[in-house]
Amino acid sequence: MGLIVKGGEVVTAAERFFADVRIDGGTITDLGAKLDPRTGDETLDASGHLVLPGFVDPHVHMELPFMGTVSADDFETGTASGIAGGTTTIIDFCIQTPGQPLTSAITQWHAKSAKAVGDYSYHMAITDFGPNTPNEMREVVQKHGITSFKVFMAYKGALMVDDGQLYQVMKTAAEIGAVVTVHAENGDAVFHLQRELLAAGNTGPEYHPVSRPSTVEGEATERALMMARLHGATAYIVHMTCKESMHALERAKLSGQHCYGETCPQYLLLDDSVFTKPDFGGSAYVMSPPIRPRGVGHHEALWAGIQNGLLDSVGTDHCPFTHAQKLAGQGDFTKIPNGAAGVEDRLQLLYTYGVQAGHISLERMVELGATAPARIFGLTGKGSVAVGKDADLVLYSPEGKSTRSAKTHHSRADRSIFEGFEVQGRVAKTIVNGRVAYDGQQLMVTRGSGRFITRKPSHFAAGVKA
Amino acid sequence: MGLIVKGGEVVTAAERFFADVRIDGGTITDLGAKLDPRTGDETLDASGHLVLPGFVDPHVHMELPFMGTVSADDFETGTASGIAGGTTTIIDFCIQTPGQPLTSAITQWHAKSAKAVGDYSYHMAITDFGPNTPNEMREVVQKHGITSFKVFMAYKGALMVDDGQLYQVMKTAAEIGAVVTVHAENGDAVFHLQRELLAAGNTGPEYHPVSRPSTVEGEATERALMMARLHGATAYIVHMTCKESMHALERAKLSGQHCYGETCPQYLLLDDSVFTKPDFGGSAYVMSPPIRPRGVGHHEALWAGIQNGLLDSVGTDHCPFTHAQKLAGQGDFTKIPNGAAGVEDRLQLLYTYGVQAGHISLERMVELGATAPARIFGLTGKGSVAVGKDADLVLYSPEGKSTRSAKTHHSRADRSIFEGFEVQGRVAKTIVNGRVAYDGQQLMVTRGSGRFITRKPSHFAAGVKA
Amino acid sequence: MGLIVKGGEVVTAAERFFADVRIDGGTITDLGAKLDPRTGDETLDASGHLVLPGFVDPHVHMELPFMGTVSADDFETGTASGIAGGTTTIIDFCIQTPGQPLTSAITQWHAKSAKAVGDYSYHMAITDFGPNTPNEMREVVQKHGITSFKVFMAYKGALMVDDGQLYQVMKTAAEIGAVVTVHAENGDAVFHLQRELLAAGNTGPEYHPVSRPSTVEGEATERALMMARLHGATAYIVHMTCKESMHALERAKLSGQHCYGETCPQYLLLDDSVFTKPDFGGSAYVMSPPIRPRGVGHHEALWAGIQNGLLDSVGTDHCPFTHAQKLAGQGDFTKIPNGAAGVEDRLQLLYTYGVQAGHISLERMVELGATAPARIFGLTGKGSVAVGKDADLVLYSPEGKSTRSAKTHHSRADRSIFEGFEVQGRVAKTIVNGRVAYDGQQLMVTRGSGRFITRKPSHFAAGVKA
Amino acid sequence: MGLIVKGGEVVTAAERFFADVRIDGGTITDLGAKLDPRTGDETLDASGHLVLPGFVDPHVHMELPFMGTVSADDFETGTASGIAGGTTTIIDFCIQTPGQPLTSAITQWHAKSAKAVGDYSYHMAITDFGPNTPNEMREVVQKHGITSFKVFMAYKGALMVDDGQLYQVMKTAAEIGAVVTVHAENGDAVFHLQRELLAAGNTGPEYHPVSRPSTVEGEATERALMMARLHGATAYIVHMTCKESMHALERAKLSGQHCYGETCPQYLLLDDSVFTKPDFGGSAYVMSPPIRPRGVGHHEALWAGIQNGLLDSVGTDHCPFTHAQKLAGQGDFTKIPNGAAGVEDRLQLLYTYGVQAGHISLERMVELGATAPARIFGLTGKGSVAVGKDADLVLYSPEGKSTRSAKTHHSRADRSIFEGFEVQGRVAKTIVNGRVAYDGQQLMVTRGSGRFITRKPSHFAAGVKA
């Protein structure tokens, strides 16, 4: 009745070792030098493959209502795309509409996510802090098993919170042991820069990065970390892109503050030349914060953080919009829906441009893409290959080269920001909850088979870093 | 014929999980939710215990000829002391006498270490770099399985190398993929400060720290890292004690340099008030670099490094001398043999003052004390609880309190620098090479049963950080 | 008809030299090794004295309507107090009432300042940025000769601007070549901290510093400098008190940004123990940002900035309230009017605790207290002893000791935050506009004799640092 | 009998003002709005000109025996070249031959410098520290009026001191109130890098910078400053070229250390592309430390230091060698005599590329090139235009453009590293000791008219920064 994955090289955040892995009832039960099948056990040959934990993407947005449209992947296609790319668990963002009770938003999100084919949780995004919000936040943690929140310091007039609200979210989170994830850009500055650019007739996607310089991200990161520090709250800065915000994070960590930083493959691998692609092609890359220029130290700072441990995780900010959707911003770059696909690309990109390129070890890749996100956000059954963990595994073949493309990915996005990127190796099989859900060619998933994972506030959120 | 450790909570650098552990022939063969004994298997009840990998101490000196005497623990008593404290593998320093071929020193060290009761390796310390040294270094790595070197930037007139030698060691190490461990203090400055203090009649042990201010450690750390950077060599700064050297390490890591830092429990937990203990009692604490004052940021910088990952490992610099030996420095602190015992104290101290105090997680403790030292120095069979690893385990009971003392430790040192330190939990059993070598009360070790572990240059030494 | 100051040692920001100084018609006309009186010239013996330029205080608030009351010194008593302390020129803050046209506020301020006995200018404080504010700002500079603005990032609900307003002030200032002075504290965080402290029954003045920790000052400094950098505006951070804001200023300057920092004697010389003085005595010291604790590096950072040049000027933030006025905050520290007297103390304190204590040279004292404020703010006739400068001089006797006290100072403040501070030397004579206005004992000033000094945007504001 | 310079705009480090300047007997006696000639006074029309103090070059080497030859300018041609460029005072380096008593070297230098046409002093370079050196250093200060020393951390086997010697020089200097100037490069690393490059057949001048990377300068700067800090000595780092050494200086200053930094025009204005000029043309630029590459932050760090005050002075390291002399290094770049001409170029370059380019004010230019060097090194009669100062003045016309060239400069150097640099304005007249020594076309100097200026240890050397 179980499944034995035989002959592969298991990789955890701590080490690599050859072992057979036995799965039973959706759980990893045994790792052994040589596991003999019991009656009814199936066997899967993993020789020549790396046996990785199912990757955990701490930053995705499926069917997100945003900027007048809805992101193109729903929970079914989005989680399926993830599985094809070796990601078996996602954390989406459940976003409060201003005025809405938090639990009402959760109900909405549960309705959407019921069709997911992989496991998931949410960060609860607070966009409107009222007198009852502290109580609601407590209920979200204790009754709904959602132990992380989100605040946006940008998107003025939409999602953005002001400093008073930021303060109160941090204070409440510290009291209830929750992590606060932060989109750090100075939304007021961005708002005015956008207005001025448009007024000057600068309307194309190439002005998107001009409206969001790295200094406004660095400033907001410093501010968010200060607000967390005031209360002993644990802040997690999402999608860091630049040296200024890295420096703010470094200063905080060097002074002993307990906080986390995340980046995404696009910030490591692309540069701002993408925004000038012809035929409104730059619009595909419009996301916030923007992809940065080379030659001024941003990419180097991010890679150093990946290597020296000051960056803790790599997410994707998967939030695709089709070209048709992006056209809403023709003639006004501020109306281009922000986001792109990525959940399916992350593992192969990290393997190729991180491990193969000599920047990081396999163990560190697993830590960044699976173990750390699971640990930071309290997904105790996820993120590693170990006895008792959920039976989510990736068999990765290091052999062969291929090319990332919108033609072959499983997202509904009709373009890929990694179009043409050559990658080494491939996801040969993805096992989800003990079953092979992707065999390297075909997805074999069942709509709705994904589960909402409830979490508990972890001791890490109370000031202890792993 | 195997041994099953049942019911414990396994801790690795990546995660914690409840699992039985099966050992066979000196190797961990299985981890399982429930392992059934095979014929001949013994079973050991680990319920209520943490099952840790045997700790690896990357920094000890057994029977070291130094300052006119020899350190008090030989390889037998020193490794036994380690086993009683949960450390099953040590890396000693094989030290070249000036003019001596490196292999000749290795032969000497092998003769001494043959009586060890736990496994061991050496760092090869180079004190005299001649024209043939590059060839000898290559031979040390390739034929002797020793893949790390040591240079002393202090101890002028004895072990100290000058900058030209430091340069050449780094250059050669980079070529052959070896790690260079560095004692970083400006030996010239120390030499003159010592002379001046003695000339002024300041002869007691309380002048030892005055002769080695933190600035001379910080400067030398900067210099060592620069020399490594010139060649792309991997430097590992041993026994870091102060903010100045931490800042130098941080700058290097933040700029993308591949390097490592180690501290020791005494630098985290003690302060320089120890040097004024009556009856020449301060002599027990004389080691280099010295224990630092509080209130100026040294301890905070070290703890932050422990937490934020910029420090990579915790060693002990175990190098005990008896009070009788220390008396050689009465009337002249520069003649006090430098060193103290610590190999037996490390795990309990890290557990109590690190984990219990809320500074670090159990996983991080295992990383600092076992996994990282093994990984950095290429001890591929050591440092974790995983299939295929050597069967070196510690069963740690988190229950109960006791007190560290020279009266009860197993080192020959007649004093303990941690005398009276209350600790939480205890080493209930230490398993070495598949056998219980310490049962929480008695050592059950066989002289000479320890093995020299040959190592290979790892890819980490070639610029990839885990 | 002229006046010759004979035999003194002139001190400028550049050098010291013995010279006679001839004044004619309110202007310095000659400096000479030996100046012979012309017919009608008077002579003043300055032998044994330092001949300093009249000091310039870039930060005072006379008869300021604030927190329900009005600061205790009006322009007459305040400028007289300054003259008795060697300060002959002040820059006050003309503060816009929300909704008020800027020029209307200037009219109000001119009405108040007409009674001044020393020269003065204003910084124009913007508290409400509307569509016409850029035009008004331009008019302020070009028609009113006021070339510096002020924004408050604190005092939420009163003077505070939000980030959008801050952005626009910086942008406009950059366009018109004006300097923007900034009160840098995160007003939202302060607001909430105050509310929480009061709610917890913490109502005494000792909670004032708790409500404004140094981190909120550091954060706001970083933010203000980022906003300036976006536009190439010149920011001048007033009353810096702590290491966090110093670090932000340092980072900006080290990266080549053109910006300035000011501190005040109280932040250099006092510590937060003052807030616990009995009988509501701590209220005398309530000002924002608050006086900081010792032992954590704030004072050291400020003194280092004074010495290494990264701090540019020393002002006073003179804004006295009597004990009767301070009583408004009994039972609620947030209602204690913020401010204290200082315009009369600065020179003696800088001389005693700066020059005599060996921290700075006489030349640097003159630069910090006179030359730099005049240069930064375009008071071209002020700030030095040189041919063509206004005839504002201080004859300072380095002999003798005395004690600062509210009993002897000339401010209306009934308490002194420097009460009991022993000082070395004294202001023997102050010459204002060519006339002796203070003879070391008596003020000899005429109500209304002070002049409003119009300024022009200087090239310094356009990105060139002196 | 006096000379009145009429109608110019005087510039000091503190301010600018229009004044007539009266000179009598080699001293400035009067500055006045309108000075009337006395009987016998001559008058010089300075209208339309800046009246600057004669510039002070703190770093030159005239007729220096070095690398098997002697620098091409002797004290006569070198000081004359300076005067044509507005530099009226130089500080040369009197260099001890190993084993030689310091006073013997001084005697040698006095013999050479007797023919100088402008005033001068020496830094006393210590290359060999023996038991009697402290006494000799004291004598140098007290009897010879030389209050600054020099150590070379590079030029192994020639001028280089080791760390023990460096320590002792700093210690002694602190005791006697002298400044220690430091050439900061790690000489051991350079030595080995040179050997390796030559062994690999890399012999051309383009390998000179490769043999002296910026990291070896940064490291040595850190080390020198640490050695100074140990003793409270005042270090002055000469010819700083790179971000790494700037960062070390910044860290020291930010921590409150009293120290100084100097750069030179070539490091601000040139880049390492010069080394590949054809026909061994790169040899003209060979000096140490080398001119640095662009694009990695070196030039930006230097300019920021010029602007923010962390750099204190601009010298030239004038040390020319002719092409014929440079040919000694054909086939071996380590034999190319290190050095180039610059004493005549500094003022025009600073005016054009500093002031005109908007980086610095005129006042700051005067501070960097005249006032600060004079103040730091105790040349109390030099460096400013003030009553009582020596009558060394430059009348600088800001009008007109010209081009720097070896064809027109007055040095014996047959090439100029600033060949073709367009400059704004010109030295219209240089007044030395009250006499016009250069009229913008002709030098009117008398061999031997220059004077050795004795200095006294200043209070600045005792830890007080101006």
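Per-chain numbering from 1; labels A, B, C and D assigned in written order.
FYI, a contact is a pair of C-beta atoms (placed from the backbone, for glycine too) under 8 Å apart; a residue touches a chain by one contact, two chains touch by 3 or more.
The structure presented is a predicted model; accordingly, all values stated were derived computationally and were not measured.
Listed by label, which chains are in contact with subunit A and with subunit C?
Intersection of subunit A and subunit C contact lists gives nothing.
If I average the CA coordinates per chain, which chain comes out farthest from subunit A?
Measuring from the centre of subunit A, the most distant chain centre belongs to D.
What's the distance between the Cα centroids of subunit B and subunit C, rounded to whole Å?
Spacing between the chain centres: roughly 56 Å.
Distance-wise, how many Å sit between the C-alpha centres of subunit C and subunit D, to the nearest whole number?
Taking the mean C-alpha position of each chain, the two centres sit 38 Å apart.
Subunit B to subunit D: how many Å between their CA centres?
50
Between which chains does touch occur?
Every pair of chains in contact is listed here: A-B, A-C, B-D, C-D.
In the complex formed with subunit D, which residues of subunit B make contact?
It comes out as residues 162-164, 166-168, 171, 186-189, 191-193, 213, 215-216, 218-219, 222-223, 226-227, 229-230.
Residues of subunit D touching subunit C in their complex?
10, 12-15, 17-19, 22, 27, 29-35, 250, 253-256, 258, 300, 303-304, 307-310, 358-361, 363-364, 366-367, 371, 375, 383-384, 386-389, 459-460, 462-466
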